[in-house]
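Read through the structures below before going on.
One chain, subunit A, appears in both complexes that follow, with subunit B as partner in the first and subunit C in the second.
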Partner chain A sequence: MILHDWILSPNCYKVRLLAALTGQPLTLRAVNVHPGRDHLSDSYLALNPAGTLPILEDGDLVLGDSAAILTLLGARAGAGWSGQTPEDTARIAGWLAFAQDLSGSAGQARAIDMIGAPGSLPEAQARGRAHLRRLEQALAERALAGGTFLVGETPSIADIACFPHVMLAPDGGLSLAPYPAIRLWSRAVRALPGFIEMPGIHRLHELSPEPEMETELR
Partner chain B sequence: MPDPILWHPAALSRDLPAATVMPTACGDVEVALWRSAGGRVSAWYDRCPHRGMRLSHGFVRGEMLSCIYHGWRFDTEAVCRKIPAHPDLTPPETITVPRFRAAERHGVIWIAPRSDAAGQGQEAGQGQGRGQGRGTLDDGDPAPDALPPLPGDLGPLRSLQVARDGAAVADALGGWHARVAGGVHVLVQALPGGHAALHSLIDPEGDAIAASRRLEALRRDLESEAAA
Partner chain C sequence: MTDPKTDPMKDQWLPVSMSADLGPARRDTVVMGVPVTIWRASDGTARAEAEGRTLAVTEDYDHLWICLGTPALPLFDIPEARQPGRRFVPCGRVRVACSPLRAIENFLDIAHFPFVHTDILGAEPQTEVTRYKVDLRENDTEVWATKVEFYQPQASKSATGGVLTEYSYRVPAPTVSVLYKTCPPRPGERDVIAIFVQPVSETVCDVWPWMALFDDESAQADLVGFQQMIFVQDRSILENQVPALLPLDPGREIPTRADLTSVAYRRYLKAHGFTYGAELVPA
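Our next item is the complex of A and B:
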């Protein structure tokens, strides 16, 4: 599987993260998005007319949408990543749609603040705050019912779809301090075996052995 | 003698598991609230004395809090014990973080300013030397009448932030501690920037999911009153 990838894109990171957590190897092709805008070149538009990343190529199958790619990798991973019941599968579909909304709110605020994308920052932040509150409520209610993740007993593509935009919200001026349930959920996601980082989203350092550099330094 | 210290509710105990750190505030001062692996809760000024990074971005290993920036590591007394860039150095004990009092009651973490040397410079973020009283003062002992009278069997519900001034929220609810429908107790914490947190507890017979949704409605009411 080839992933056309941009290291700073939350939507690309979703795919890299799910592939890492489920042990599905990807061949990464780095695309010069900023400042090169190569994703809008003729060859990339031929592959994905939407002009977006990530793009996954798997033989004849080409997917140019992160939710579609998560759906594929989740279904191949099994073990609850795409839902164990029709009800859970439907709940997951709801969260995939919510993740797209996050992209247009918290993700938009980040794009405006970081790379000067067009749009109103205060309006994007207000939408982002409303979305973070909805996620906080859902996760708080899951916790009151004994759950850790958004759907079912185990992590699913619902968590992976929402995680990057939420974690990067501070890049767009949206603090995560008001959300205790999101904080605990983000720890649970980062504690999953095989978790990988992206710039701006770090692992739980306390889970790694303490670095001992003394001998190398001397 | 009544406790002259004003204790602020800062978080639900459940929301600060062992070996984690979170941001909160004591009045206008930003605070890093953390729990060691062994369970001890500490509240410090939220800036590393080295380069001013927020300690609430840091991480907990064992009984120490590490700054995320250069890894300066502080023990539960807020004294710097390790500077990774100088592995052979025993840091001078004058490198400290200003501390607040912290206590746990009723499943809630309460914090209060200190009056002794360990709390000096809380506003300025300049820790003074490890002074008299360090570790010996009332870290965990609020006087019984210093906290609101809460029944002993309440369980944690949720903490929500409200975009409205703490005093106005307390006014609207009829007090800094209020009972609302569904067996829910709400504790109001004033936060900087005209915000407040509602730390809520529920009695064991209560329906927690329904209560969570009523709190969402309560927040909508509090914020729309403010906008009106």
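Our next item is the complex of A and C:
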């Protein structure tokens, strides 16, 4: 599977992350999106008329939308990544749509603030804040019901779809400090075996044993 | 706050755009709080205006540089950039809500590599910054740090495996830093990696990373992506540094030996009166 990728894109990172968590190898092809705008070149528009990344090529199958790619990789991974019941699969679809809203709000704020994308930063931030509050409420209710992840007992593509834009919200001037349930969920996602980082999303350094502690134990 | 009308930074060359992005359409940008309009005239030359005045401009290293006042010096020279066979990699601008001086200071720091650029530019437990040398050159107009050695798991896009990398750092202007580092494919040469910092205000800057490499293998997109990855790992750290303005008063913070370059940079800023983006030192 070839992933046409940009290291700073949250939507590309979703795919890299899910692939890493589920052990599905990807061949990465870096695209010079900024400053090159190569994703709008004729050859890339032929591959994906929407002019966006990521693009996944798997034989004859070409997918130019991150939700579609997550759906494919999640279905292949099994083990609940795409939902164990019809109800959960539908709930996951709802979160995939919510992730698109995050992309158009917190994600847009980040693009405006960081690389000068067009648009109104205060308006994108206001929309992003509203979405973060919705997510906080949902995760807090899940936590009260004993759940860690957005849908079901195990992580699913719903978590992976929402995670990058939420974690990168501070890049667009949106603090995550007011959202304890989101922070707890972020810890759970980052603690998953096989977790990988992207610039702006850090691994759980604080969980590694300190060198002195190791010495003492020896 | 420092008055941009009197700070000597107004007489420095400051980057405002990649040359490739400059076209006939006028574009607005901000330098030291001053709105600046830039464009490329029909004769191919770059133009800049601010407050109804025509500004001095120059183009080099794939970027457009403007001067709000009267240029104190010609644009700094990077002789290595004239060597045949180098590839030039402008990486586009990244805005950071931090002092332009803090962006430079962070670029000069090695000690954070294992913690911020984990498994790329550094890794625990090899965190020690060994003794290196710092001096002022070019009539005290440049800060240099040399013989900086550090173990790096993946020193560059072309590196395969960990190497002990040797760095030299150079500050040829208050908002420019150039580093020279071991070039894995050509051991006799040094890769050149720079950041050109546009001071938008005292607490906001646009950073234009740029590289001049010997690398015939990597795709341009890979090289750009590698540098963007490194720089954006720093961004959230920079935006959370306190105080926002760079302290120049030596009593304000306690440096360690690994901070020699930073100490020299702060002294150089103070000696030249570059206080735009710095905390004012009580007289």
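Throughout what follows, the second predicted complex is superposed on the first by the 206 of 218 C-alpha atoms of A that agree within 3 Å, B and C clash if a C-alpha of one lies under 4 Å from a C-alpha of the other, contacts with A are read in each partner's own complex, and residues count from 1 in each chain.
Please note the rule applied: a contact is a pair of C-beta atoms (placed from the backbone, for glycine too) under 8 Å apart; a residue touches a chain by one contact, two chains touch by 3 or more.
All of these numbers come straight from a predicted model, not from anything done at the bench.
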Just to be sure I read the superposition right, which of the two partners does A:61 touch: subunit B = first, subunit C = second, or both, or neither? neither
Which partner chains sit in contact with A:38 here, subunit B, subunit C, both or neither? Use first/second/both/neither. second
Does subunit B (first) or subunit C (second) touch A:178, or do both, or does neither? first
Report for A:188: first if it touches subunit B alone, second if subunit C alone, otherwise both or neither. neither
Mind sorting out which residues of subunit A both subunit B and subunit C touch, each in its own complex? 205, 211
Applying the document's contact rule, which stretches of subunit A touch subunit B when the two form their complex? 136-137, 140-141, 144-145, 177-181, 183-184, 187, 202, 204-206, 210-211, 213-214, 217
Which of the residues in subunit B come into contact with subunit A in the complex? 11-12, 15, 17, 19-20, 22-24, 56, 59-61, 66, 68, 84, 87-88, 157-161, 195, 197, 208-209, 212, 216
Which of the residues in subunit C come into contact with subunit A in the complex? 18, 20-21, 90-95, 97, 115, 118, 124-125, 219-222, 224-226, 228-233, 235-236, 239
Residue positions on subunit A within touch of subunit C in the complex are 6-8, 29-32, 34-36, 38, 113-116, 170-171, 173, 197-200, 203, 205, 211
